[in-house]
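Naming follows writing order (A, B, C and D), and every chain is counted from residue 1.
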Amino acid sequence: MNLLEYQAKELFQQMGIPILPSQRIDHPKDLKGLKIPYPVVLKSQVYTGGRGKAGGIRFAENTIDAIAAAQTIFHLSIKGHYPTVLLAEAKYEPDQELYLAVVLDRSQRRPLLLGSRAGGIEVQAAVRHIQQVVVDEEFSPFYARRLAIKMGLQGDLIELVSGIIEKMYRLFAEKDLDLVEINPLAVSLSGDVMALDGKVTANISALARHPDLAALREQLPRPGIGASTALPSEMRLVELNGNIGILCNGAGLAMSTLDLVNQAGGKPANFLNLGGESDYRLPPNLLQERVQQGLDWMIQNADLNVILINLVGSVVPCDQIAAVIGVYLNQRRAGQRPPLVMRLVGQNFETAKQSLAALDVPVFDQLDAAIARAVALSKG
Amino acid sequence: MSFTSDHKVLVQGITGALGVLYAPLMKAYGTQVVAGVAPGHGGQRVADIPVFDLVEQALGAVGKVDTTVIFVEPYRVLDAALEAIAAEIRQIVLITEGVPPLDMVRLARKADRVETLIVGPDSPGIIVPGQVLLGTHPPEFYTPGSVGLLSRSGTLTYEVALQLTQAGLGQSIAVGIGGDRIVGSSFQQWLQILEEDDQTDVIVLVGEIGGDSEETAARYIAEAIDKPVIAYIAGRTAPKNQPMGHAGAIIASLVAGWGTEVGTADSKIAAFKEAGIPVADRPSQISDLVKKALSSM
Amino acid sequence: MNLLEYQAKELFQQMGIPILPSQRIDHPKDLKGLKIPYPVVLKSQVYTGGRGKAGGIRFAENTIDAIAAAQTIFHLSIKGHYPTVLLAEAKYEPDQELYLAVVLDRSQRRPLLLGSRAGGIEVQAAVRHIQQVVVDEEFSPFYARRLAIKMGLQGDLIELVSGIIEKMYRLFAEKDLDLVEINPLAVSLSGDVMALDGKVTANISALARHPDLAALREQLPRPGIGASTALPSEMRLVELNGNIGILCNGAGLAMSTLDLVNQAGGKPANFLNLGGESDYRLPPNLLQERVQQGLDWMIQNADLNVILINLVGSVVPCDQIAAVIGVYLNQRRAGQRPPLVMRLVGQNFETAKQSLAALDVPVFDQLDAAIARAVALSKG
Amino acid sequence: MSFTSDHKVLVQGITGALGVLYAPLMKAYGTQVVAGVAPGHGGQRVADIPVFDLVEQALGAVGKVDTTVIFVEPYRVLDAALEAIAAEIRQIVLITEGVPPLDMVRLARKADRVETLIVGPDSPGIIVPGQVLLGTHPPEFYTPGSVGLLSRSGTLTYEVALQLTQAGLGQSIAVGIGGDRIVGSSFQQWLQILEEDDQTDVIVLVGEIGGDSEETAARYIAEAIDKPVIAYIAGRTAPKNQPMGHAGAIIASLVAGWGTEVGTADSKIAAFKEAGIPVADRPSQISDLVKKALSSM
């Protein structure tokens, strides 16, 4: 879960990482009560990058300028996203801009400290100059100093910057974050440092043990897939532009099914992973419930020619899944729903096949055959 | 390889939703589930398996075990695994999904130090067909044989196993290393185990988009694995930068942002091809490639 | 640094350990604004134990009773200590009382979890029934469950009590404490738990990294040795009842010198350890400054027949110490100060001896000889 | 024993108040102080000792060292020691006082795992007279010989060493294990080292009231040490339950409150007597007891 810049900076402040005086702006008129002296910078609070180039960052010398700039930014789309909040911040002229980040390295299964003397907008160009330090054992500040020295820092800057890295790591560890990034960390000639922009990504799995972060999630509209909020959060939905709905149990299986539909010339409209295989909360009828929820969502939110259901290796026998489909079909007449194609494997397959055949739903135990039928129906 | 029908198995979290469902299935498959652990439930029985409050109490009563399968809720997985390690259990299978990544980092540091093998989390565990079930694999899809199956998925693993079985290709083992971002053991570790396993003639590696496990595995195979390996990658046509279940979670925020293409299906397939490893276009093609590999041995 | 019960309970509450509704009472009249329903318990807030037996805990059914009880408690000495604050708390009838603690084990160099089913006032009698669990590696909740099971708890109580132990440990670790004790932890038949009394000891060395605990130190008068606050906190003073002042550099040396004075029939009035040998902040003239401060304190605060100074193995040469003594003697005439006996070893001993001999201060390099002279002078 | 004049020594915190004072004294004594570390001071020199920003940079420049002596401020001691351990230094001397006990717990867990010897904190370190000075002992009080001196104190150790030297009894080594509540190595560890050390004929153990180190040491000597041991305990006449410097800090709050008398001078002296170890009444009596022990060998 990405945080907005101003939320990230609130966490920085709690951790003692220096930030500029700033104020959250919900409406342009909030600028009349601005407590920061001019000149100020107004920054669009969106989840995507590239807002500077898009015009989402503007300077203002006085209140009139600021209100005009704020109105512009509120109406400016950054890669399709409009801000609901701006951040007004004191203007600052850095002498040097550093890049710092803490992330998780999947293959090493350890946190990674990243840093570069080419910070700010230069970092993308100088990606190969980013230095790395693996936090192999439990963190201790010497890992931060290692990074500072790899970055080529000298003298007082070593302790100054490693102190910031240490605080970033503590934030990362205490809040279970996926990413803490400061870009740029401004360094002044007098040896002060200041986090001018920051990115924080909270880990969704750990959110339930961080009520403060979970509250941020509620606080603001979420980016992107708004409609999926009607589904349980464990059910993952991806929307596309075709006419075949795909409903599977398991992420890998969903992707594989999507690939097969595409390879067979079909056009997927979406694919929905029912999840739950290793979900601790698993109630005995989880799969049946989710099939029902998934089908309900699909027929209400997408214009489909066919829905392909591919369920593999569940502990729920095929006949019980067939029963759920039976209920679903009874609730809706043929004109109100697209045809179904089912691929089932597991216990009581033959019983399920027979009962669904009676309802005109083709059932396959071979995946390729189910794909072929679904694609044919979608074109028909 | 040490997973045989002689092996003694502990189930932690045996009274929870997952434990109550799968411990009896494991036992029904012939796995020697000698004890269960669930704090506060000591003295109870689940499918005639005795339940203890602590791992050390369980081991005190039933003796040493070879593997523990952990079904506890996500925020208790780390503690359960550390309890098992403290009791000197050196093979741990984590089934539960949703374990916070930094818990896994702490567990990985500890497991590396004491040389403990961790499978999962968010994993179907391990099945050695005809011998032992350590997790949630549906046994009816599997049959004994010589194909070693490694995967990051759950149900897609079952799909591939079923198609192998239907094609007459039995399995020496199937391991789901886990779908979460940080998992206890890597493809490389398992490739090495299967390389040394007498029962395994050919290895099938089922990957997904996201992360760099497959790229790293491909390089490792080229360097260190002599047995034939067949690869398959799910998500070739999945849209980029969309978190979808566990797959591809990392693509979104970090690596892709820097303009490198690690984690895509193209990158993974290219890595396998460069290592000389045949890549199946679809699950049903895997058995053909396996047969081809076996026939040329 | 010991905390008072109400301060300990504030920490418990922050950590989610259940405590009864309670209110701090600074004056008996505060009870007029009491927000807890009667009956209540009023508890003397002193650092020493045994306040129950001494009458420092009283029940009250209404405001009139409560004010009278509070007045009594404010004027009741518990082993020489008067409370400056009381705690008013809801009354509670426990079904079972447990003892729980987290401490540091010196020899094992690990934290130790302690617990007993014989809690409350029974714990002293049943000290041999206290169960122990060493937290050998980094803490994880299974250590707490081990203790609960060693204590003989069963069923739901295992998780309930180990949950409290886990929170006690987190408090212990996060705040660098020497001791966290709950005695008793009340357990009700319905399975609720409640910390009825608590002790927390903060570690002095770690206080500077816990501003919240350091603030508690300022907040309240400290127990015991009030006068020593005039000295730097690194200088440790112990007051006795005799007539010989003892001033040494180092705790072990001070105790050894004290023993020798006692063995020789002298009566020490106090002994003062100048400290600082391994003090990171060590300025070059630390020892000289502290000798000066120590002598100033001694002549102002104790009626002494002689002061014995024993300084060993400092990096400061003997002649520089002699110079400090010279300054001190010049500031005060013979009638204003007790005679000095000095024991010095180190560089430039002879120079020091000669210059101090001119000031009528005997200087020895043999400790036993210095002791004999000091004891003789104390009696003369 | 591995502390000889050949040994290479690193000083961490060499530019701080303690480091600047003692590193030159160590070097003047003949100790091979090959490098110093002080973040931000890399490139400087202290008493002609080159200073580096990181331990690994120092070792990169001067090669492996045998021991590091750490003089950094109390809240940085843990980090400095962990940095040294990460650079594979396996003997660490901590001088600074005021290290939080839980930092020492974390360090002790780590040091135990990687078999690293920690001396201190709040310690004068180690001196091997005529060979090497690793800390703050005043060298002029010491002379080479066969008495191994172990102590929890600083200046009281110097006092005892001086009286031994004046009595013609040189020392094979003197170690201040540290005055803080949690120290890195115990009397037992050092007793074992001296038992195996060819240079040491007799051991003097200087204890203090507080804690149970002396009681534990006494039991250990009775079981495992064949060389003669002479003990001395400071604080026989000190009042109880008064924290005085580092000594006796634990008596106050915990143990004494439960009615047991561990930690008092009586308890310690009784433990030594029970173990057959002569206890000196005063420092000046130690040399007599040492001579007696040596003459009866």
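Here are some notes:
Here, contacts are C-beta pairs under 8 Å (C-beta built on N, C-alpha and C of every residue); 3 or more make two chains touch, one makes a residue touch a chain.
In this text, all values refer to a predicted model and were calculated from it rather than measured experimentally.
On a Cα centroid basis, the chain most remote from chain B in this structure is C. With each centre defined as the average position of its C-alpha atoms, the distance from chain B to chain D rounds to 50 Å.
Centroid to centroid, with C-alpha atoms defining each point, chain A and chain D lie 54 Å apart. Each chain gets one centre point, the mean of its Cα atoms, and the points for chain A and chain B are 26 Å apart. In chain C, the residues that touch at least two other chains are 137-138. The residues of chain B never reach two or more other chains; the list is empty. The touch graph of these protein chains is a ring, one cycle where each chain has exactly two neighbours. Every pair of chains in contact is given here: A-B, A-D, B-C, C-D. The touching residues of chain C, when paired with chain D in their complex, are 2, 49, 103-104, 106-107, 109-111, 124, 127, 136-138, 173, 176, 178-179, 201, 203, 205-206, 208-209, 236, 238, 240, 248-256, 258-260, 262-263, 271, 273, 275, 277-284, 312-315, 345-347, 367-368. Residues of chain C that touch chain B in their complex: 137-138, 140-142, 145-146, 149, 154-159, 162. Listing the residues of chain B that touch chain A in their complex gives 16-18, 21, 25, 71-75, 95-102, 104-105, 108-109, 121-124, 136-138, 140-141, 151-159, 162-163, 179-184, 186, 206, 208-209, 211-213, 216, 234-239, 242-247, 250, 253-254, 257-260, 281-284.
On the chain B side of its complex with chain C, the touching residues are 39-40, 42, 53-57, 76, 78-80, 82-83, 86, 106, 110.
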